[in-house]
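Read from first to last, the chains carry the letters A, B, C and D; within each, the first residue is number 1.
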Amino acid sequence: MKIGLIGLGKMGLNLGQNLIDHKHEVVAFDLNTNAVEEMKQFGAQGVSSLKELVQTLETPRILWIMVPHGVVDSVINEVKPLLTNGDIVIEAGNSHYKESLRRYNDLKTAGVHFMDAGTSGGMEGARHGACYMVGGDAEAWSIVEPIFRDTAVENGYLYAGGAGSGHFLKMVHNGIEYGMMAAIGEGFEVLEKSEFDYDYEKVAKVWNNGSVIRSWLMDLTERAFSKDAKLDEIKGIMHSSGEGKWTVETALDLQTATPVIALSLLMRYRSLENDTFTGKVVAALRNEFGGHAVEKK
Amino acid sequence: MKIGLIGLGKMGLNLGQNLIDHKHEVVAFDLNTNAVEEMKQFGAQGVSSLKELVQTLETPRILWIMVPHGVVDSVINEVKPLLTNGDIVIEAGNSHYKESLRRYNDLKTAGVHFMDAGTSGGMEGARHGACYMVGGDAEAWSIVEPIFRDTAVENGYLYAGGAGSGHFLKMVHNGIEYGMMAAIGEGFEVLEKSEFDYDYEKVAKVWNNGSVIRSWLMDLTERAFSKDAKLDEIKGIMHSSGEGKWTVETALDLQTATPVIALSLLMRYRSLENDTFTGKVVAALRNEFGGHAVEKK
Amino acid sequence: MKIGLIGLGKMGLNLGQNLIDHKHEVVAFDLNTNAVEEMKQFGAQGVSSLKELVQTLETPRILWIMVPHGVVDSVINEVKPLLTNGDIVIEAGNSHYKESLRRYNDLKTAGVHFMDAGTSGGMEGARHGACYMVGGDAEAWSIVEPIFRDTAVENGYLYAGGAGSGHFLKMVHNGIEYGMMAAIGEGFEVLEKSEFDYDYEKVAKVWNNGSVIRSWLMDLTERAFSKDAKLDEIKGIMHSSGEGKWTVETALDLQTATPVIALSLLMRYRSLENDTFTGKVVAALRNEFGGHAVEKK
Amino acid sequence: MKIGLIGLGKMGLNLGQNLIDHKHEVVAFDLNTNAVEEMKQFGAQGVSSLKELVQTLETPRILWIMVPHGVVDSVINEVKPLLTNGDIVIEAGNSHYKESLRRYNDLKTAGVHFMDAGTSGGMEGARHGACYMVGGDAEAWSIVEPIFRDTAVENGYLYAGGAGSGHFLKMVHNGIEYGMMAAIGEGFEVLEKSEFDYDYEKVAKVWNNGSVIRSWLMDLTERAFSKDAKLDEIKGIMHSSGEGKWTVETALDLQTATPVIALSLLMRYRSLENDTFTGKVVAALRNEFGGHAVEKK
């Protein structure tokens, strides 16, 4: 099929190659012209504007948007007047499902199908086989399913239901990911503080072969330790890009007790701080009632 | 090699077959004579007492104990006087690493090597390829390594270091397992309370193919949902058998912040209760200061 | 001073009497005419509409709104066209501070001062001495301060700063309250499960006299146990009315680690459930990998 | 009454004065002879050895031990052979209740009553009115009750039941204290990160007058901010001295879900670290699967 690919960052460039591997035609656009050139060398047709991209596609057009979530609306606003009834917009980034619902309803007024496609598997997945969770109209799904089937790993795509259900599922996937990663991290911290002297690469390796906790994350843990045996070179600052927070906020809205996911997020925030005001207050209180010494700056 | 296998429960019976598959000779004992008979049908030599088991083995004897952790000491106490210098006792159950250290030091006085072998992978693993984390003397390890190699999955065994290091590693493995399981469970609970109507078996399947959270636990999640689509038939009561608690207790001793593992344990305890005293006190307080209605029994 | 009191529920009726005790004139309105009659018997002037209430007051008018937070906007929308430059609207309920900021900016366009007054201390406080945290224009504060001073306990009122700062402070106050209540509840649950047989009323009493944790909440705990020694008659279902959730949501927005407040909220949600989907998933997983029995419904 | 006071540290010296204020005779001992001299100036009789102390008292002797918990056993072991049937040993420090149970049983063999007296209220309390939770034999309690009544604040003492019940109650008291302090600290951290500019001393003051969270800890919070408006001079390092940990360990043994108390403890441990291994692992994993940059040392 012929696909208009918008956004040629880390994920987009890999996906473009994946599409071409599977005999799809890729019409590629990015504000960064170097990225367009790179994509062309892999066999894509490059265009210099969203307008040109839309004009190059035949109806029903298929647009695949893979841009940072802060830019999605501006892309949609620009292409919307150019699209016609029956066109399909796939948004494969990490957007909040409520944004996807809004965009779905917005494009519906123009007769355009919006599909929210949560994508997992990282860059490797985008290149060689991703995992997709897709929400939107069943009618549109029947048209685009081959694209997902071709670029996913075997069994690695799911039509999850109506609009928003794809990004919701991806959001919860990331919430689980936060919890799993924190569990693994905490486990290694206990090892690190113990009286034993483990080789963490070997530990991750054995845990990844036959144990109950074998997983891709454990595989990646092994890789990380293979490069830096004690992770001495990096700081334990855990950034986050939104989905974990959205999961916890959604859980609160649904009155759902998710302590493990919530704590994995809060500990990421804690890691951004050198010192905490909570700690100062508690230390000051211990000093007030018990005369316990505080540590001075 | 010739191995004395003590304990023919779910794990022991499977391991016995695994050993025989790999051309080891198994001398089997259990208080349950039916289990001994069953093991004999798979090709093991059955014995009717620990004494007979010890006498049947040649020195250096290799004893593999796979019994509930409450019974380990009585087995060791009974065999200890029968063993001779250079014999090797492998304890492959879920014992606390401090118990293993104690047993190691106790048997050392008799010149007997004690090895603590944490075993993961469940019954399937015991039968077709387990995951082992083993602590103890390097000298003894060089003798018994082939047994572990043969009955583990590829790369699924690790000599972790000195006495206790095997069971410590298995304990932390289980702590991570608690956290991962809770993260998965919480994620599905958010899905269950959401506005969307997911097919959980399909969700687990897609998450297990190409996603960041693909793992054996997600594979098992798929299996569980394949049998009971909404888990309607079971109660959410989460029992625990000790290692999670030991991990948290050890983390406290090591002054390590493990909120995710700790909460996964505490929520298991919470699940054992229909109602809580904490809840009663909080509800009563809300009534006292704000006149908020309490729910009566 | 002459004050238009809108809302004669549990809090409003008590506050009205408090105002009258301190020689203020109260012009009272509620949709519930019985409540207006009751307020009149305590010396207030009753009116039968918001319009009449506004007309009865002299400029600069002072309106004190004490209604459920879902009704605040409709009251404001109704009175806004009737108010004139310099009038002051005090909103003393539990509104989200962002709503208060919005209302402040809305009324400002009409030259009307909006003040957000977080109120603590329950019904007792409203009647005999409340605790107020007030945000809004300093100019308006200088006019209304005497009302707060008169109806608060000594030192029990604070001009907290610009618009929204009052309700923000009240929100965080409630977040702390959630944490404190949960800590007290958890403590008593540990006592309840212990080998000792304590008299909880006496425990709360001794803890409220001279200990580090003496507090009004402990005083209320004593009262609660004095009525029902083991709280046998009530269920531990912990409802919540919003401020705790807002505190956690705000903490997430500010990337602040507030595990204690967050968990006190999540455990309230947990208390609303008889069973959890998380628990079902974890129990099913334990069964899958370890053959551990699940409890059937 | 005549009381042998062993241990003249911060708590002991204050309690000694308190006893003398209430017309008790104090026979004082400490290894630190300066402390003994200081106590003598307040009217106590100083002695230079535990033996002399025991000999100076009449039977039934009353010994009040107020020493660090690591020293309690050596004191008891030294006095035990000198004591006679019916003597009473009060241990008023922060010992684990299981240690107290052991000591009770040990001294019982010599006919000596051991009482575990949990003491709260800090140095101020010891001087002017403490809070006591006392376990031990009812027979001994009837003899020593006047001492507790005199040196406690009004209603500030409780005979809690059999041996161990006093220190157990004090342990749980401290667990609640941990939770309350963390809740207060977290609340102020939210304020500190907010868009508003609060005067924390005034906030603590208003919260301590009429609000639901008024408490001695809030009073101490006000004092702390009065000395250092933003706590700029101290670090947020939260040490702990054992009771919080014991509470969580006990909760685990009792299978009690105490997330708030547990997290208040874990965050103290977290505050002792500049960086965490958990954080390193999570940051490394984010880099592995998503190419997210890590922060280098």
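A few points about this structure:
Quick note on the criterion: a contact is a pair of C-beta atoms (placed from the backbone, for glycine too) under 8 Å apart; a residue touches a chain by one contact, two chains touch by 3 or more.
A quick note: this is a predicted structure, and the numbers were derived from the prediction, not measured.
Traced through touching neighbours, the fewest hops from chain B to chain D number 1. Here A-B and A-D were compared by C-beta pairs in contact; the pair with more is A-B. Of all chains, the one whose mean C-alpha position sits at the greatest distance from that of chain D is A. If you average the Cα atoms of chain A and of chain C, the two centres end up 39 Å apart. Between chain A and chain B, the centres computed from C-alpha atoms are 33 Å apart. Centroid to centroid, with C-alpha atoms defining each point, chain A and chain D lie 49 Å apart. Residue positions of chain C touching 2 or more other chains: 122, 182, 184, 186, 189, 193, 212, 216-217, 255-259, 263, 266-267, 270, 276, 278, 289. Chain B makes touch with chain A in their complex at residues 120-122, 125, 129-133, 152-158, 160-162, 164-165, 168-169, 172-180, 182-184, 186-187, 189-191, 193-194, 196-198, 202-203, 205-218, 247, 250-251, 254-261, 263-264, 266-267.
Residue ranges on chain C touching chain B, taken from their complex, read 10, 122-124, 181-182, 184-186, 188-189, 192-193, 216-217, 220-221, 223-224, 228, 231-239, 241, 259, 263, 267-268, 270-271, 274-292, 294-297. Interface residues of chain D, counted against chain B in their complex, comprise 212, 245, 248-249, 252, 255-259, 262-263, 265-267, 269-270, 272-273, 276, 278, 289.
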